[in-house]
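A quick write-up on the structure given underneath.
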């Protein structure tokens, strides 16, 4: 008997949300072209993409951890910040004479490892004793975030660190449609995109990925099948914090490092996962792009007409409120 | 008759509720034993206690001589116990293939068992790449049972396999389970007495969280009085 | 059912009245300034007595009076309760004692530090600290009403607090409204905001509602601090406004102290009354198991809405007091701090209890003030406690969740239950044995 073609792997609801997201992007494009010259539009879009990638790096870990462990890790922003600071420390510790590329890459890898190790310590030491009581684990992770921020502030002071110089190849600018753009931002987009694809492959093609996706649906059954879910929890948590730390270090040559960057990116990450659907990985990926583009567009409009960038933050907050009121489970969430 | 599983006077709490107040069951190897009883008597909780999902507060559960009460579910699974819950716990967002793959305990389990599984549940061959959520109720139940056939399990705990299924599918299910009992032991919970009586070799009746009666199914099937007493609407 | 002193209006009024006795004594025996008449003359006379440094006659009169009241409460409180138990000192007695202590504190500090309650000095300084504590306690209680008693989680409480401060100030500054109109308007607006928030947001489930409130508050914060409104609100620097002399916390700090204390006691009474009322019982049922409450026929939306509106108004009131106390407002009153702090105080103190948030507020804020300038040396590292308070707070967060999930008061109550149950079991066992004989 021949195999009948299987039905689509994704439900109609998923495809509908995909269409909605596409339409939204289209709408943003239209708004952009209406208000700005093509050069600015290109800059805004690229800016939105690079911001979106950074948001993704913080939010991805948050959403998978939430789906699997039922824990909303409010310390993710702090791991992002720690990645930046750790990267700085490693960069500064390496000899001055060494080629910048080597120092840069070592800092990247080192920061990621640091984020992962610290994440492991946190998960095993602090989260394991705690049963899933939403308000308490939120308080716990928030307390952790505060503690981390203050420790960094105590060691490095409240003012930020001067951004480090990236490798020469990335330290250039180029023009797109008449608008000037830094190559480094494209690098950030590339890193984010690679991770997006990488995590998707992990989830879809590896055994660990199957376990994670199954665990998000039914933790208990996965354990009854003989899988040590606790180890999987730690692994997933570590993955989340490591990716966030990588994000921080990747952004460091561009944004620098300052203690309050944790809080800013945390809030945006929360907005992203709410819009995308709190335990949906695809939702997080798509929502981070949507949020990035919205933010960039709003910021440009705000600067042009109000001389202040306030609309950037307000616009994505309003976006989140609208999603919460119309479809609280998010664009791609399921309940 | 050597018992592969013995439950000795267990008490199990779910939160504050005292669900099992002294349950003892003996399950001989290579047989089909069924837990009978009214709704809410504690049959499902007994299975879940064995699996470690609700560890007993008192009493001991032994599997092949080893004490398993108090171990974590994944350790218990690795000793060779497979669990099919009463809510058809297949992973809807995963394909049939992925559902089976995740059940592997040693690499290559699925490759070895694939033909065997397809011989018992031929439909699954055709549905191999379908997402679990798109299968019918009966097919999902078959997948759930197929899943515990992937690793080498010595004991299968199956909770209400016939629930919500059409009679034709139930027949297929029963044939499949009968085929399995030759190589492995089955502990069944079954509300439907007709199915239970035709399938099981032995029975234990659970009433109000206590095991009250046990014996050979052949004897019970003849005893009208017992049936009405313990099972009311049989 | 026991009638609680702290839940009864006569009791409350008695409390307030007794403050007048020392004042009257001081007014009669004091030396007024030259050239004043009427109320100003009386007040000046009283001031000349109680503003003296160190231990002054007014303070003595106060202490004597309180001693008498204490005695009356101890004796009067020995009526048996419904379950036949005879407590030495009823709960109300403890509450009353606490209030008396708070009434006396400015004078006690004045006595111990040989300063005056009216002029710059230790006693004066600590009054403003306590005013802050009282305001935070009211804020924490309002949060507890929503979260501890009704089970509604919100991350946007600062929106009410900040609105209270901003509104009362803006109305008095830009529209020149008299204080009582401004206060009333602020409270009403707070109620309306809460109403809108509740009606719009309660349709969505717990965690999502909490995030909705977070976004809501954050939008307020961003808009208030923004340069586009600089003429109205002063943007990131905030603004200041003038208050009538008698409400001025710098000129008449003692009065302001007692004003906020009265507000605290009143809020406590209000919450006590509400929780013991039929409405309050439904709220508690709602917190424990919303599905069951719905099945019993209660419109849970309505009750949650009531809790949110009341909590919102109370928080706005706290904000109003804060605005008046500082004679100004700046964006930080809308900031996350004033959502996190009441949450922490409620959890550390004990959510779902009456005194929990108050204990939490007192504990955290007073400890922070007391340790402001202490420097700890841990293994070679110098830690200035005042500067690193946020770090300590973060650690307290973590500890309180891991070790004291029920908070100080909650754990105390639970332990109390266990000890009592243990005694009872012990007694029962011995009677059992004697029966078997």
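Lettered A, B and C in written order, each chain numbered from 1.
Quick note on the criterion: a residue touches a chain if its C-beta (ideal position, glycine included) is under 8 Å from a C-beta of that chain, and two chains touch if they have at least 3 such contacts.
Model, not experiment: these values are computed from the prediction.
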item: Highest C-beta pair count, chain pair; value: A-C
item: Farthest chain (mean CA position) relative to chain C; value: B
item: Computed distance of Cα centres, chain C from chain A, in Å; value: 39
item: Whole-Å separation of chain centres (CA-atom averages), chain A against chain B; value: 43
item: Chain centre separation in whole Å, for chain C relative to chain B (CA means); value: 57
item: Footprint of chain A on chain B - complex, ascending; value: 51, 53, 72-74, 77-78, 83, 85, 89, 91-95, 98, 101-103, 105, 125-131, 133-134, 147, 151
item: Chain A residues touching chain C - in the complex, by the definition given at the top; value: 72, 126, 129-130, 133-137, 139-140, 142-151, 154, 267, 270-271, 274, 306-308, 310, 313-314, 317-318, 320-321, 324-325, 328
item: Residue ranges of chain C in contact with chain A within the complex; value: 147, 153, 200-201, 203-208, 211-212, 214-216, 218-219, 222-223, 226-228, 340, 343-344, 347, 383, 388, 390-391, 393-398, 400-402, 405
item: Contact footprint of chain B on chain A as seen in their complex; value: 1, 3-4, 6-7, 9, 11, 207, 210-211, 213-214, 217-218, 220-229
